[in-house]
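Multiple structures follow.
Each of the next two complexes has chain A plus one more chain, namely chain B in the first and chain C in the second.
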Partner chain A sequence: MTLVRKITSLFAGAGMLVAASGAALAQEKTVKVGLLSDFSGVFAQLAKDVEDAWMLALEERGGMVAGYKVEIVKEDSENSPQAAVQKANKLIKSDNVTIFGGSISSGVGIALAGVADKEKTPYVAGFSIADALTGKFCSPYVARTSFSANALQAAAGAYWAKKGVKTAVFMGPDYAAGQAMLAGFKNGFEAAGGKVVLEELTPFKTTKDWGPSLLKAQQTGADMIYTFYAGSEAVQVVKQHAAFGMQEKMPLRGAMWIYDEALWDAMGGVEIGAIHVTNYTNALDTEASERFEKAFEAKYGRLPVASNAMGYTNAVAIFDGLAKAIEDNGGNLPEDKSKIIAALASLKLYSDPRGPVHFNSSNNAMQDELYMVQIVKGDDGKPHHKVIDTLPYGEDLPGCNMQ
Partner chain B sequence: MENTDDDSWHPLVEGDESRHDPMDRAAARDQRRFLTIALIGLAVLIALPFVVGDYYVSLFSEILIFGILVSGVNLLLGYTGLVSLGHASFMGLGAYVTAIAASLLGYPVWLSMLASILISLLIAYGVGLLSVRTKGVQFLLITLAFGQMFHAIAEKTRFTGGDDGMTNIPRIDLGFIGLDADQDRVFYFFVLVCFVVAMLILRRVVESPFGRVLVGIRENEKRMLAMGYTTFPYKALAFGISGMLAGLAGSLWVQHGFFVNPHIMTWELSGEALLMVIIGGSQSFFGPVLGAAFYVLAKDLLSEITEAYLMFFGLIFVLVVAFFQGGLAGFASRFAERFLNRKSDGGEDKP
Partner chain C sequence: MTFFLFNLLNGLQLSMLIFLMAIGLTVIFGLMDILNLAHGAFYMAGAYFGYVVFQATGSFWIALAIAPLLPLVLGFLLQYFVLQPLIDRGRSAHLDMALLTFGLLFFTIGLIDLVFFETLGLTFMSIDKPAGLGSYVNIGTFYPSYRLFIIAVGLLVALIVWLLLERTVVGAVVRAGVDDREMVRAMGVNVYVVFASVFALGCGLAGLAGVIAGAELSINITMGVQILIPTLVVVVLGGLGSVKGCFFGSLIVGMTETLSQAYVPALALFATYLILAAMLVFRPQGFFGRTPKSV
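Entry: the complex of A and B
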């Protein structure tokens, strides 16, 4: 958005300049879509990954949905709910977007869900995993294309219990996401007959030495440690766990964050052999994921990572949902924007790179496909993923009561 | 307030009762000047939502909310000479009290707002009692520590969603006068009413003998002690009032965004509040509000152009401190002074 447009929007209430520009725009039907993501702050890389995937999805549709030209309006939510609310207000009231999506952080996601609900403008979360987003705070104007913390971890917990793991130690950072992951894992694991014998929540961002926690875990004699750590914390936990020589007796499992591809270099080889759950890996050999990999590599010259796949599903759901809503409404955008979310939630994305995914109609949350992957050393001497199993998606936490 | 000669721009001061006492005369002039600025400002703020688009109405609600916060901060910084880095936590406290009372416990929002104001006053007063015995860097660090403590509590509290926070918090119910606060313009006017009330209270405080003592403390605390004032309860109460205004701002803030999470309590926001005060001018009653307006609007504009807008902020900050003595308000008043003096043919009324 340029300065000039900014000034015109400042006087939109007076309505002089806008009438003139509105007449010029009437020739072509456009739909504005907001890409509101954490482009600055700790999630900047993820936000960029999402944006790349959005642009690929848009290019594949020739920049159009159901006869409407798509105009993307990009805004930075700065990983701050305050900034996110302000930018969402701008997208809705100044840029007049029809729908927006792309957010990363859970706090931002929840803040945006509230704005979307009040302003009756659809919002599609792309990354936020907080259970409350499609639970307590669900809305007919909110959908999510990411999994929920509970569903992912409950599925993983049930998987390991069924594989014969009887006791587990949970380790994770002591904040909302860590607690949600713990609760989810425990739900699935204990329902399937396992027992969490120790819940070790470490102070978030300040812990450097996991020795005491690992010692405590060792003393329980549990069958495995299940973790949720990301970034530099993940690297330290994995390395210290290996240094304690616990890899054989008490393996360290988790979801994609703990053994993220981006951390492999820093882990220096100890990640080889580790097994974790994920909702996407570029080692998938389905037709849809191969096609996505090729298209992505052709456009950007590198293989997509999980965050690209997350962003891609987010964009596809938004674009195809818009297209369906427009077609259902006889070629025009529906007046009632909750119909866009309804159309989006009825999509069956059979050819999604993550696998055939669909939405849960009761809370508009995506029901993901999940894979158990192992990190193996390839012929080129570099680590990569090998899919060893698929597992059914868990259940979202209850609490959604949509009016 | 610093009694610089910029009081002299208004040449029409001729109060009978004040003719013989220069102190009274200066006060009357100051009062008249305050009223002029306040009425012009109020007229602009009332007219604004009829001129600008929806987005800017919500942006100006934000400015007024920050205006309440930074005016409170200025009671400490500008009037009492205390630099606090903990005010975001009082804003957060007010926000959480409203969110918990209105959203989780189901009390009406007006009652929740009163609770926010009272609780933040009490807690800020308590924190004030503990921290105002120190000064300078120690004071700054103690307020920072309290702020971080409240932030940590908010992050750990599970029934408010911890780090994730909570949304769908209702706005005040104005149904009894047939209005819906979910509409941007209605909510703006509600915030404006709160803002005006807050400003009147603050004005009353700084004009009172209590306020004079605060200025005395800023100028020379030892002398105030020597004159027989026990300064510390004055400072603690100033801290409490300032925290109360932050709590009111927080209570309005959750209604503005329908959302609260611990992010609102970060010390960065306390720092931003100080920045607004200094850019606007800490030696002037309305300076901080001007600073808040400048900060929010400049941020909005700059963030369109570059993601690295904070860099420009640093630059603006340095320029303001280096060249605009007394911040934007000081600059504006010197400008007005020069302009009006020329107009009125050098109507100096200095003795």
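Entry: the complex of A and C
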């Protein structure tokens, strides 16, 4: 098959050469797009998930946007702002990318927003959910296709308070993301009548045992624990919470990270029954999510997860934003690259697998609603998501003053 | 009051996990003067091999029995065929050994990443706790039975190692080796085999800790580096080569981490290091270490 294709293209190429002889050789127009993500370090899996979704979106567009051939230049930001700045400068100055995106870490995202603004080269965050990215650091060269910490967590906080949960303990790692998640949850939960009775922030990456924190939570007699942990910390918290026999009395809830599908194997069954908020699940049965699920499964042989969906929105926004900017400029890339972000932010992604997505005035993605899912044991004996409720999307924190 | 008691149990549990790691490191350092930073790699080898054995047999107990053999054998080979020849050639400065074993740790991490993540697509793994230890017991409050098991294993290993070193001929040779290597050699003991065996035993215990932690925590690529730091603190606190010192050092580190997290969270991040700094200023040889005879 590939050989046949190669030979055909060889002939086609030769044919073109003959046709072009004597006349000016029609040059193929290409646009370079940087995929800068945390391919090594604790976010390696998420970065890989985003890359897979990018490749699917590119394949669906035949590798082209508005007559330009897309060339992806991949770089590793190593979950380090310093490395990210270095690689972004390399992408911009030596690879001449027109636009770049895909980042995972919030620290990396904020560093990249600075580079994008200074170099006037568009950057589209794939995750990087720190509120400040589209708040204090917002720029006409920066957009984000995921969400802000506050938008997700305030929505979840309000949901639980309205469900009759009166008191909650918050547990999370003591660094920027944990604090942002806590602030968001508290905003929504307390505005709707709940009360956070204990804020248990544990030293990030150095906590070895959650026993003391779980015992402290027990002492408060709160209705639930709301938590933000990811990766190996999430596995340990969930397992130890179950081992202390707290699942009945004081359920452990949170967003998609604490009960990420990638962690289910390591949790060994104690995740069954848990409820968490998410912005995408492969259990959704909308037309758009079913289409994405089928296409993804056909290409990769497995079901997509939330990080795939977020990578997909990221890629679609970049490719379709580029296409729109080129079309608006009479078939050529605009000189002023902020027009690409403007075009991207004007997109209405009605058929996004997460549900309809649009952008607000600080270029941050907003979606119609969020999903409350429960992990249940399917007929195949394996854990699955089940959508048990939907909830309105939260709001971004103010703070963006775009010049 | 019960809150305090359960925190003591938590502290004891963490102390025992750290002790299983630190005992090998301290005896190796005391006996052979090698700062074996690859100890974290042997811990990982135990955990990952434990996972493989568990997947194959479905039994926690078989994994616990078999998995430590891999780091045990690897440890013997490393000491006998790599480290010892280097020492004989004069490359035995602390820095040489630390750099070499540190490099080995990162090589192991890279290798495991290549096999488990890049090839098999596994990021986070776990070994299921055995029936009977997977649940909790009601002793005033629900307390995880597996934690009691960790405490029991730690105390048992401490007792066995202490008996081995203090009450057997093997132990006498090892202790003599710590005091005066040349004299032991002069008395006709094949110190190379003794050294490699002790090295192997220490690595095996690190592997055992890896399997045990693999069920309570999670098996992932950062586990080896994470456990290494408190382990090094214990070795410094307890004094090089001292089993007793290692035991009490582990208790201090485990209890400090647990109690500070429970009562003074603001201190949790650096309480242990505060103690470490004070120790280095006032008693650099550790609790039970002796003043070095020569430098």
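Throughout what follows, the second predicted complex is superposed on the first by the 369 of 403 C-alpha atoms of A that agree within 3 Å, B and C clash if a C-alpha of one lies under 4 Å from a C-alpha of the other, contacts with A are read in each partner's own complex, and residues count from 1 in each chain.
Operating definition for what follows: a contact is a pair of C-beta atoms (placed from the backbone, for glycine too) under 8 Å apart; a residue touches a chain by one contact, two chains touch by 3 or more.
Keep in mind the model is a prediction, meaning the values are calculated, not measured.
S.K.: Applying the touch criterion given at the start, work out whether A:81 contacts chain B, chain C, both or neither, answering first, second, both or neither.
M.R.: After superposition on chain A, A:81 lies in contact with chain B alone.
S.K.: Scan A:245 for contacts with chain B and chain C and give back first, second, both or neither.
M.R.: In the superposition, A:245 touches chain C alone.
S.K.: After lining up the shared chain so the two structures overlap, which partner does A:231 touch, if you call chain B first and chain C second: first, second, both or neither?
M.R.: After superposing on A, A:231 lies in contact with chain C but is clear of chain B.
S.K.: In the superposed arrangement, what residues of chain A touch both chain B and chain C?
M.R.: 174.
S.K.: Please output the residues of chain A touching chain B within their complex, sorted ascending.
M.R.: 1, 3, 6, 9-14, 39-40, 76, 80-82, 85-86, 89-90, 92-94, 106-107, 110-111, 113-115, 117-118, 130, 132, 137, 174-177, 179
S.K.: For the complex, give me every residue of chain A touching chain C.
M.R.: Residue list for chain A touching chain C: 42, 44-45, 174, 200-203, 205-209, 211-213, 215-216, 218-219, 231-232, 235-236, 239-240, 243-246, 262-263, 265-268.
S.K.: Residue numbers of chain B touching chain A in their complex, please.
M.R.: 49-56, 58-59, 62, 155-156, 158, 161-169, 182, 184, 256-259, 261, 263-264, 300-301, 303-305, 307
S.K.: Mind listing the chain C positions that touch chain A in their complex?
M.R.: 3, 6-7, 10, 13-14, 17, 117, 122-126, 128, 134-136, 141-144, 146-147, 216-220, 222-223, 226-227, 230, 257-259, 261-262, 265, 268-269
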